Each structure stands twice: as structure tokens, then as C-alpha cells.
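What follows is a single structure, and I will ask about it in a moment.
As written, the chains take the letters A, B, C and D, and residue 1 is the first residue of each chain.
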Amino acid sequence: MKDKLFVLITGFEKFGGEKINPSENIIKKIRKKKFDNVLIDTIVLPVSYEKSIKILEEYYSKNQVDVAIHLGQAGGRATINLERVAINLMDSIHPDNDNVTLSDKKIIEDGNDAYMTKIKIKELAEFLNKKNIPTSISYTAGQYICNEVYYFSLYNSEKSSNPKFSLFIHVPFLPQQVSEKYPKNDKLPSMPIQLQFKAVMEVIKNIHKFI
Amino acid sequence: MKDKLFVLITGFEKFGGEKINPSENIIKKIRKKKFDNVLIDTIVLPVSYEKSIKILEEYYSKNQVDVAIHLGQAGGRATINLERVAINLMDSIHPDNDNVTLSDKKIIEDGNDAYMTKIKIKELAEFLNKKNIPTSISYTAGQYICNEVYYFSLYNSEKSSNPKFSLFIHVPFLPQQVSEKYPKNDKLPSMPIQLQFKAVMEVIKNIHKFI
Amino acid sequence: MKDKLFVLITGFEKFGGEKINPSENIIKKIRKKKFDNVLIDTIVLPVSYEKSIKILEEYYSKNQVDVAIHLGQAGGRATINLERVAINLMDSIHPDNDNVTLSDKKIIEDGNDAYMTKIKIKELAEFLNKKNIPTSISYTAGQYICNEVYYFSLYNSEKSSNPKFSLFIHVPFLPQQVSEKYPKNDKLPSMPIQLQFKAVMEVIKNIHKFI
Amino acid sequence: MKDKLFVLITGFEKFGGEKINPSENIIKKIRKKKFDNVLIDTIVLPVSYEKSIKILEEYYSKNQVDVAIHLGQAGGRATINLERVAINLMDSIHPDNDNVTLSDKKIIEDGNDAYMTKIKIKELAEFLNKKNIPTSISYTAGQYICNEVYYFSLYNSEKSSNPKFSLFIHVPFLPQQVSEKYPKNDKLPSMPIQLQFKAVMEVIKNIHKFI
């Protein structure tokens, strides 16, 4: 292992009619931070079945990544969700930002049906909860671009160890995203950017403990 | 109307096995603040069917209150909940902190079945949401001490105009309350104390616009 | 008390884009039944702020009703919901079937803020659950036509004892209403018409025990 | 393909403090039925990490199964849930009926991380919904015995084509299971045994269309 782990952190552009995507906001805040124990790079990915993994493919062809941490918005979820599994499936009634709607398509033709992260996810969930960051483990990352990007990284991890490890983190809506849905907002959880950002910072700074 | 409105803000002690009650934390933060346009007083009430309204009764006998703002914890709710109605009923399978469990008891023998707040609650909900504080209107404050205290203030408001106005605000769990329930926390929304406090501060500072 | 109780049962026409309203289906099934211990009459009310209570007003002017049992659809609820309270408020972002949208209007100008049913609702809930009919007590009937009709009957009950008693029962979606929402149906509970009908039949046949 | 498909249908014994398991009730009803186009066999499996797959292992060693349809209870779910994925993981805070609690254990040491069913699950979901049976596709079968059994069959399907196809169907609570939880039942969906049974019968009788 090198002296410092090289960590790629990705977020997504806004989609689904939202005015912002918290994962993009987190990336912007991360870019202003300095890290002692890790080298980081960041990408904000398009919400596009096609472009998102093309960008990652090119990135992995040029960089050896130790840990890829992918962030995405999961409106309606209440806690920081550490995703354990990605499946070889693209299927949604919602079009992507290129207006492409896919049904029952594989992400990688010869890939396994699914891959699980090799990150010690239960230990990480306990670690974050002990720091008062509401965190849960999720067993489905959906069938949309979030799952696609995660599957792509886990597949690459399996085939070529680049990235060596991968983790997808789904984050809740921001408060303003819930506020603007009033009066239809009463069942919608939110989490301020400060707490979302803190969660991701704790993951980055302590990632060496969970690989 | 006097130059400055006199606003009573109450919270509750912890209950139901929780280690904290966010409404008490908010009260403690309010006590450190100075207000230009309102005079305030604060009380942290016991979660006791009997004591809670005895304390209020005595308070109203000695002070003329313009607006009583009662705060309480509503674990599981996702947004700041402005309660519109209180009903003349105490009924819960959970005992209070005096270990009293009540079933189908009236709060005030000769009181109406229910009272609605005279605060302009829809305008207030819109105001808070415009400030990016996720807020909803709720039509049930439960059948426990929260509802009892609200009913008592609304009844007094109706009978003796003391307080002149009353509002109950239910707040979600704090993040640490959700974290400590891991791994059974994945459906539990939370809201940090800063945002809860901001909500209550905005209500207090702007309450003259909504009466 | 007369030999036989006279029970009025009302349902509603379909609304909100649904193809059916389970409460109307229940009424149609009740009409084919004979009852030993009660005399019954039935009305299917329009989902109209104006017409629904005009019809009831005329009905009460011509008939002395012992118990008014109002049925309505509450899409998204999981169990038979016995409503305990109706409030003096009409307020919804959804228009009624006359395309009228009301905001913050009172139902009866000089009515109390709310009324609670005098039916022994907790005993009734226990009775139905013992018969394996999933039943809960609800403390909000909404702010739409269902609440309006309930409030109107409870107000009349208070003012003129006609009806002497009143109860609103909210029923879940029927299975076909959930099926047709696929693939957006995974969080939507349903209850077959047979079980909904059984619930209402048990209420009618045993209503004398709960007044 | 043989003239008639050989279909194994399994259910589970009760667990988790419940008095019944709807999947066992369905199996008992299936045993009384005759089928024209399929040969069937049924097993009620113990809720045991160890015994459940030992029984299946022995069964597959003696019988060539065309389609294995596994049924299990998923309390809290609202619709018939067709499970798409099983993961190579046993992990639950709840002990099984042998009082064994497992954390982060693989089901099959050299198995893939997960397998997806080869049943045409989206077509099947649409088929059932068109028959007014509320049905959804689920992407997580949990980390308990249900998932274990499903993973075991899918693994065998992959390795030895026995069973050739496999599907796990999660069913909601029965009404009596929700009734007995009163007054804590108001968010709990249920589905009567008749509708659950109808769902499974439709799957069995039409399974040839979805393989």
C-alpha cells in the first residue's frame, strides 16, 4: 500500500425535477478541503446511463484508484444509506437527463448478476452512528444511474482491482428540497448539508480502517 | 396591544426511554438569546398528566401571556409539525413519567371536544418553508401530554384570553436519537438541533405577523 | 328507545381519478342484505362540498336517525379506520367533483371547532380486531368532504340529536385500485371488498352495543 | 421440455413471535388442489439457517425440479412481492427458530455475491396486477432465512440447473396478524389468505409463460 490512499469521490448532477442534488453540493465542499492521510479527486457525473460510466471508464484507464466513493441522492430516505450491493440491471420508468428510459438492460453483458462491496460496511455504519450521524445499511441501490455507477465500479474492482474498493452512499433530500414540496412534504425526511458533509468527511478520513 | 408581545415558550423533559428531548434543548438555547420585539419566558414541563397543567395553571394565574408556544418531541415525524387542533382526551398505552397510564379521560370536564389554534397556521407554515425549514401542518397532536398541554392552553385562551394565542410545535428526533437506534433506524427521520432551533426562533421573532 | 335502531349508512362516489370508491361498493352490497335488529337506509353522496351536506340536511329534516355511519375511502391507509374527531374546516389542494377548491373555510359558521363521536369507539375497535378485521382509531378525518360530512352529522347530533350518534369509517383502497398503480404501488396497502364489507356489517349489526 | 413442468413450492413455519405464517397456510391450501398442467410438490421449511437448506439440498439430490417457488412472510409489506435478487449473506439481529443469530456469514463459500432470478419477473408482475392482485417487484429479500433459501436455489440453478428456475414470493401479514397487534397496528398492511392463495395459484398455473 502506498503512503496515502488515493480516493475518488463522485457525486451527481441534479435530476428528476429537483433544483439541486445534495451529492453535488457535498463534492463542491470537499474540493475546498485539504486531507492529511488521503489523496483525493472528485467528479460530478451526469445523470446519464451512457455518459456516467464512460467518464468512469476513462478515469479508471488513466488512474489507479484505491477507493471509489460514489454519492447519490435518494429522496425519501431518512438516513445516510451505505449501499451494500449493486445489480447488473438498468430499469426505470424515469428517463435519465438524456431522456433515455431503459427497461431490463444489463450494465455489463458478461458481468455477474451483482457484486457486494468489500468495504467493512457494518463496522462503518456503527462508526458513523457512534458519531451521531444517522446511518443505515441499504441492500438496494435501485435500478437507475446510481446503481449503474456502483455496479460499474464494483465490476472493475472485481476484474482489475481498479478501484480496489468501492462504496456507494445514498444521502437524503436537503431541507430546502423538502420545504419547496409543501404542502406535500409531511412524510419527507431531510438532512442538512452540514451533516451530510460531515458523514462523507468521516468516511474519507477514516476509510483506511474499513478496507 | 402592548409594545412588546409577551411570549411563553415551553418544552418537555425527556420521556419514553429517550436520553434527551429536543424540545428541552431548544428551550436551553432560547434562554441564551435576547429578543428585540418580544418579551419571553420559558418553562421545561414534566411529562406528567397531572403536573404539567398544574404548572401552567399556576403560571397563567400569575402572568398574562400573549402567545404560548409549546414545543414537544414527535419521534418518527419528518418535518417541523405545526399542530392545528387539540382534543379533550388523555389516552395512551404509554405511562407518563409519574407512571400514570390514562385511558379515555377528559382533560377539562366541561371543555369542548377540541379547540383549534387561532394562529394563522397556514401562513406560518408557508413562511417557514420559504426559509428552507421543512414544515407541515398536523391535525393530530396525539392523546398524550403534548395534546393535554395544548388543549389546556387553547381552553384557557377560549375562556379567559390567557394566553391570547397558543400554538403547539412538534419537532422530530435529533440525529443522535436516531443514531443510537441503529440498526433499527433506517425509517427514522431526524433534524439537527440547529435547524429545529432556527424554526422556533423564526416563529418567536415573527409571531406578530401570524396572530 | 324504539324496538329497532334506525341506521343511516352513507358512502361516496368515486373521486381523485379513481375508477371506483370502495365505500360505494359497500353501500351496494348492504342494499342487498336484510337486517333483523336494525332498520337501515343508504345514500351514496357526491364528493361535493356543497351538495353532500345539502343532501344530508334534507335527509335529517325528514327522518329521525339513530345512528349515522358514514363511509369513505382513505387511499394509503392500511386498516379500517374509525374516525374519532371531525373539525370545522374545509381545506384541500384537491378540488371536489364540482371542481371547487376550498382553503381555510368553516363548515358551520357558529359550530364548535370540532366534535368527537359519542360511539364507544375503543370498544368497537377492540371488537372488530377480535373478529380478525384489522381496525385502528384515527384522530384525523382530513379536511376534505369526508371530514365535512362527519362534522355536519356530529354538529346535528349535538344541536338536535338527529342523528343521535354518528361515526365515520375510512376504508383502504381495494386491491384493484392498488394493482392499477403498478409499478408505483409497492407501498400501497389494500383490503378486499369482502373484508371491508364484513367490517361494516359487523358495525351495523352490533352498533347497539357501542352507543 | 417434459409434458408437464415439475414445480416445487415451499413455505415456512411461523417465526418471530407470530402465531401463524401465511406461507404455511398457502402450502396447506395448495396441497388440496389438483393441477392440470403442472406436477407439484410442497415443503414447509423450518425457519432455521442450517436445516432449511439441508432439506432443500437433499430434495434437489433426489428430484429434478423445473421451477422452485419459495414463499415467505414479509410483515409490513403491502403487496405480493416478487423478489428479483438473493445475496450471499446471512445477517440478522433476530435469531432463527434454533436460536441461532448470524452476522455477516456467507451462505455458500464459493458462490457469487448474488444471483437474479431468470423468471420473467416484470411480465409476471404485470400479469398478476392485471388480475387485480396487488403485486410489486422487490430488490431485497432480506438477510435472513428467506434470502438464504432463495440464494441456495438460485445457486443450484446456476451450477446444476436444478431447479431450472427459481422465484421467491414474499407475502404480507394476514388480517388476523395485524388485528392482534391492535392498538399498534395502524401502519400495518395485510392481505387475506384467499388473495394470497389466488396470487400463488396464478403463478403456478401460468408459470410456463414466464420461463
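As a working rule, a contact is a pair of C-beta atoms (placed from the backbone, for glycine too) under 8 Å apart; a residue touches a chain by one contact, two chains touch by 3 or more.
Here the structure is a predicted model, which means the values were calculated and not measured.
Asks: More contacting C-beta pairs: B-C or C-D?
Replies: When B-C is set beside C-D, the one with more contacts is C-D.
Asks: Pick from B-C, C-D or A-B: which interface has over half of its contact pairs in common with A-D?
Replies: Duplicate interface of A-D: B-C.
Asks: Between subunit A and subunit C, what distance separates the C-alpha centroids? Give it in angstrom.
Replies: Here the centre of subunit C sits 46 Å away from the centre of subunit A.
Asks: Return the distance between the CA-based centres of subunit C and subunit D, expressed in whole Å.
Replies: That pair's centroid distance is 38 Å.
Asks: Using Cα averages as centroids, what's the distance between subunit B and subunit C in whole Å?
Replies: 31
Asks: Show the residues in subunit D shared as contacts by 2 or more other chains, in ascending order.
Replies: In subunit D, the residues touching two or more other chains are 183.
Asks: Help me check something: in the complex, which residues belonging to subunit C touch subunit D?
Replies: Those in contact with subunit D are residues 77-79, 81, 125-126, 128-138, 175-176, 178-180, 182-183, 185-192, 194-195.
Asks: In their complex, what parts of subunit B are in touch with subunit C?
Replies: Interface residues on subunit B, with respect to subunit C: 84-85, 87-89, 91, 103-104, 112-116, 122, 139-140, 142-143.
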